[in-house]
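Pasting the structures here.
Both of the next two complexes hold chain A, though its partner changes from chain B to chain C.
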Partner chain A sequence: MYRRPKLYTSYEQETQLLPTWTQKGLAGAFIAVLFLLPFDIPVITDPIPGLGWLPIFGDGIPVVRFLGDGEWIRVTSQVLVLAIAALGLNLLSGVAGQVSLGHAFFMGVGACTAAYLGGHADSQVWGHSLPIWIWLPGAGIAAALVGIIVSPVAVRVRGIYLAIVTLGLVFVGIHLGNMSFGRKIAGPPSLGREFQDLDIRLWKEETPLINMSDDGRWLFFDVTEEQKRYLFFLVLAIGFTVLAKNLVRTRTGRAWQAIRDRDIAAEVMGVPDFKSKLEAFAISSFFAGIAGALVVSLSGHLLSDEFNLFFSVEFIAILLIGGAGTTSGALIGTFFVIMIPRFVEEFTRWLADAEGGVSGAVANAILTGGEGDFGFVSSGIESQGWPLSVADWNVVLFGVLIIVFLIFEPLGLFGIWIKVRNYWKGWPFSY
Partner chain B sequence: MLANTPLGKLSPASLFVVGLAAAFVIFVIVQAITSPATLLQTVAASLGLGAVYSIIALGFVLIFKATQTINFAQGSLAVAGALFLSFAVSDGHIPFTTIANPLLNIGGPSWIPWVLSVFMALFFAAILGAIVERIAIRPMVGQPLFSVAVITLGLEFILRTLNNDTSETEFRSLEVPWGSEGFKIGDALINWSFVVSIALAIVSFIAVFLFYRSRLGIAMRAVAFDQEAAMAQGIDVGKVFAIAWIAGSMLATLGGIMGTQPPVKQTGAIDPQTATIAFRALPAVVLGGLDSASGALLGGLIVGFAEIFAGQYLSSYASTIGAGYPLIIPYVVMLIGLVVRPHGIFGTPEIRRV
Partner chain C sequence: MSEHLLVVDDITLRFGGVTAIDGVGFHVDEGELFSIIGPNGAGKTSIFNTLSQVYRPQEGDILWKGESIMGMRPDKVAELGIARTFQNIELFANMTVVDNLLTGRHVRMNSSWLSGALWFGPAKKEEMENRRKVEDIIDFLEIEQYRKLPVALLPYGIQKRVELGRALAMDPVLLLLDEPVAGMNQEETEDMARFILDIRRELGIAMIMVEHDMGLVMDIADRILVLDFGQKIAQGLPDDIQQNPDVIAAYLGGELTG
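Here is the complex of A and B:
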């Protein structure tokens, strides 16, 4: 049995979450790295005796710093949170085959519920100042309930009609935030409301057990606000990943796959069509609701306009770029789609500061603002008009990525990985 | 009690729609007696808005007919077309060049250069549609339909960004010959743009209708039915795709031009919000049936009436139901309509086998 990865002798063996030891090892190592990522790891604190003549060991390398900058930690936290939402959409669209453009709407429902339950009331908004163990599950449950409410309409239509119905939800949802009760929950239009601090406490006014809104000391380590949040989101993201991956192999998950592959055939075989789709909507919305609440808690500010069509399409893009129907695809896709714009921005910022040499020449060729240049990127980050600013180039890049992946690699990054793996599996033969 | 009447044969959902329609008729009669001038003005605006929606919906239908998918980039194509016209008449040069627009010096009544410039904008819009189709849509012949729809979503974001940066998010005037003027019937002021929109919608509808009966139109219907089978019959599917996108892009341009005029916008200029006109026309085409030109016309009118009437007669409740509520009325109408008829009023029900 050993070293025969595709040989399964029992059903339990075949349906394991991580069938091979390589996968188990890689997953374990990956999770360990994720936990260590926010910290400065002291590797060599003193100059190493006898190696002091080597320039890099001369002063000792004080730390290995992965995400030392607070900004990068925040972006990585964002990836973790949005991964939860992407996993939810993957269950609905990738596994159950019900393509939804309304994911942002369900995230908005979750965010608003969280703000209503956990936020602090004032003259403009309602709030109950409840602790996180109420508002976070509450956000998920409220979104799931809304998912159940809309599913009778959503189940009646399929394919492109379903996409348009769910698209309608996004517009209706943004408008709900403008209505009189919506303004009480989501704050004044285009101003929004403050979101409560992230901390874990037993009841309303008690001292928090774990406070994630200031720097502190956990066990023996000094941790900053950002690091605390990162770890909290990481634990949640791992939990939801396991949940999503596990769901796919349960009876419900297999029913979803049957529905996706051919819903009439599935029904003939006794898979309940309506019930399965309803479950898919409810569970996917639950994921979305939790993620919506967390996204807002990360930014600290709730604005109903943010849960718009672009946000929804971002998740569709995540699935398509990562590889629809696969858990790892959803995770890789989230990382890719969220990080790429950040990298482009950072790169441009770095170029803008570059002077002379190769980087200076590149900066001259790409950025405008220098003398005699043919730049196509405006150095102002938010400026309007030609040449486009970095933010606008990022939107264009986002669209181009969607198109390029759909045309050339419909299975996404996961498909590329499969190709690479198969190449080495058969090496030196071509198949 | 109702069981023996024709109404008794309807499902509860259809009965609800019949009830809505009846309530609407009664409401109109009451308004016709109490304030006829306001009603006339509202009806005219509804027809105008419905006509704009119909034009854009026709574009959706044409592209759906050929490619079996929704073109989410219709809004950006509309703005791009309107921008071409704005370059030609407002800046006075041929789009993408610095050459002065020769059409402006033709002379004659002031509307002649404008109309000719519209044709020039249509020409550029056709080129844009053809380029977009060639690069992004043609490789997807025979691919899953939803992938094509997502590609158009990607196109929408690209084109919208380019549009916004080209217009620098300023208001760009289209210099329409009728300005913001109108004429009066009794006390009701009716804007000329309503009339123009309605005329354009009728012309577009007739053009599409005639096109369906041409050789190419029949080819398009065959492609809509089954791409592979059509190919086997010797139909050039790529050409049909191209024609559909060119025609769709031109219809979008007309919609985009009229989408800057009352009743859609009071400013008469292109602004970043103009692109949303396609997302507002989407409910119209879904309501009418994605593959039916008459459905587009009827759906556009229904949505137009619902939106303008709601905007006119519910405005006193705006503080409760939120400012800008007319904009989501199309979607509310669509959701109600879809529950009753999931494939639209004139749409072909999808026949599916195991």
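Here is the complex of A and C:
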């Protein structure tokens, strides 16, 4: 090493989430960018009185545009919401080592609780029209309680048996959703119910304290509904990230890791097995419940059978690809798993539009649909059999990625990042 | 009853047809260095496992300060102040040295998950205090340079030390050491012996040491229990044990001079 690592003066500094000023600065800049992401820069498009001559106010065209239209903001919002769920599963499976396939079930519990508490009643469904500060925490708490109820069973089984037990939960959940009281909460099967907006009210008053469901103006800024929701989710995602990080670096988190690494030794060293696992289930389910409620608020429609096995598996994929056991891994994994299919789709769309030249040739080699070509991707969104559709290729891609990561890089993308970072830190020496 | 710290009262432990411990009894006093020796498979590790209640003996009783610990959960036993190292290192492999030792302090800490999640306030204060204690142990065991490394990356001899550190972090009253110098070279063995003697002298912690290194046992043990096939064949002072014909027979003469 040509640069000596900084010596820490106290444990207090050493145990900070971001110990060095460089890290603080980078994290601050990153968060600032996240907050600006849904906006056109400069965010103020109306000329400030007296400054109308400045070029940035010229023709109303933004200088920098990140996410632009509603579609990308929605996808990014989805990443933020699912990241909360992934953080939760990471605590249970990555940190405490209890592999669960039931995460979608707990998200469903959260979503249904939120709909029951905050949704509006009609002839088909129940609902209490309660404000968000009740239904959102309520979603998390209900999921946590269900987590506590199932944990006496879950704590007694390990490894693959736990995976199977939790797998069963998903089917129990879907069954419950189809029972008569389930229909009253989640709406008729395969039709679902309307989900309430995110308006922040004190109680049930007409005008909300903070309007989240229409375009409007916050301080000096025009914000669309999508931008408002994005910011709301971003604040929550940052909050849950900090909570998760704090849990991992304190007593409870260490107990979880100890159980993951050596369960018997952990007990002999004084870590209560049942209590720790129960806490892991409850807290992870709390995260899931909140995320479940938020994810349906994004589409505005609750459909209970969406919380199925595939959804659970998606989170396993997120952890494996991102790097199980690390908070950053859960975040990177969510981004990757949710965004990559979108990029692939965009790319295919771009190919489909390409004519002539190099891009046209590439398009012909990859896509089918034109005449006399041998492509392996169907240009239609839906496709039966070969050639596979884009959506099918995405599934294949993730399958392959999971296997590749399991074999070559168990620490996932996070592990790759650490390697790259260490390489550059030590550059030009490889060791 | 008596003022013994630990009394093992004629315990018998069976695994199906195998009798791992066959009516063995002994006691350990406060601050004492008690040693259990015996050939492979004699039942030494099994005794440790019954003391931490990982195994439940079918007969007999185990008394801690006069009260039975039979049927107690292992983590409750740890809370009483019985700490332990393992024959095959059982560290938390993916955690750093500091975190392994802090996990040892679990029983001496109180923060709930909630205060931990919020960090600022009581959890942070407790983390700092316990971190200081852990750093003292790290200093004592001379493993400063490995503090931030995951233990899986450390050499065997250092892992053995970290495991001792993790047990010490529990502020134990009784320390169970299962072959603390097995597989170590001369220098590492001497270091470990020095740590064990320091622990007794400076911290006054009672110890039960299972060890095959007879030289070490005869040097530092106060009293010795000899097991063979799960049965007690002798108990007494090191000098007496060395002369005992049954013991010599069990060891086929050779090793005792060690």
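Here, the second predicted complex is superposed on the first by the 399 of 431 C-alpha atoms of A that agree within 3 Å, B and C clash if a C-alpha of one lies under 4 Å from a C-alpha of the other, contacts with A are read in each partner's own complex, and residues count from 1 in each chain.
Here, a residue touches a chain if its C-beta (ideal position, glycine included) is under 8 Å from a C-beta of that chain, and two chains touch if they have at least 3 such contacts.
Keep in mind that what you see is a predicted model, and the values were worked out from it rather than measured.
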Partners on chain A (chain B, chain C) - clash or fit: fit
Touched chain A residues, chain B compared with chain C: B
Chain B versus chain C as contact partner of A:E279, first or second or both or neither: second
Partner chain in contact with A:E12 - chain B first, chain C second, else both or neither: second
First (chain B), second (chain C), both or neither touched by A:A121: neither
Partner chain in contact with A:V157 - chain B first, chain C second, else both or neither: first
First, second, both or neither for A:V396, with chain B first and chain C second: first
Inter-chain angle, chain B to chain C through the CA centre of chain A, in degrees rounded to a multiple of 10: 70
Partner chain(s) touched by A:I31 [first = chain B, second = chain C, both, neither]: neither
First, second, both or neither for A:V268, with chain B first and chain C second: both
Shortest span in Å between Cα atoms of chain B and of chain C, once chain A is used as the common reference: 6
Residues of chain A contacting chain B in one complex and chain C in the other: 262, 264-265, 268
Parts of chain C lying in touch with chain A, wherever the complex brings them together: 52, 54, 73-75, 77-79, 83-84, 86, 90-95, 99, 102-104, 106-107, 109, 111-113, 116-119, 123, 126-128, 131-132, 135, 166-167, 170
Chain A partner contacts - residues on chain B that touch it in the complex: 69-70, 136, 139-140, 143-147, 149-151, 153-158, 160-162, 164-166, 168-169, 279, 282-283, 286, 290, 319-325, 327-328, 331-332, 334-335, 338-339, 342-343, 352-354
Partner chain B, residues of chain A touching it in the complex: 99, 153, 156-157, 159-161, 163-165, 167-168, 171-172, 175-176, 178-180, 182-183, 189, 262, 264-265, 268, 309-310, 313, 316-317, 320, 384-386, 388, 392, 395-396, 398-403, 406-407, 410
Touch list for chain A against partner chain C, complex: 11-12, 15, 243, 246-247, 249-255, 257-258, 260-262, 264-273, 279, 283, 325
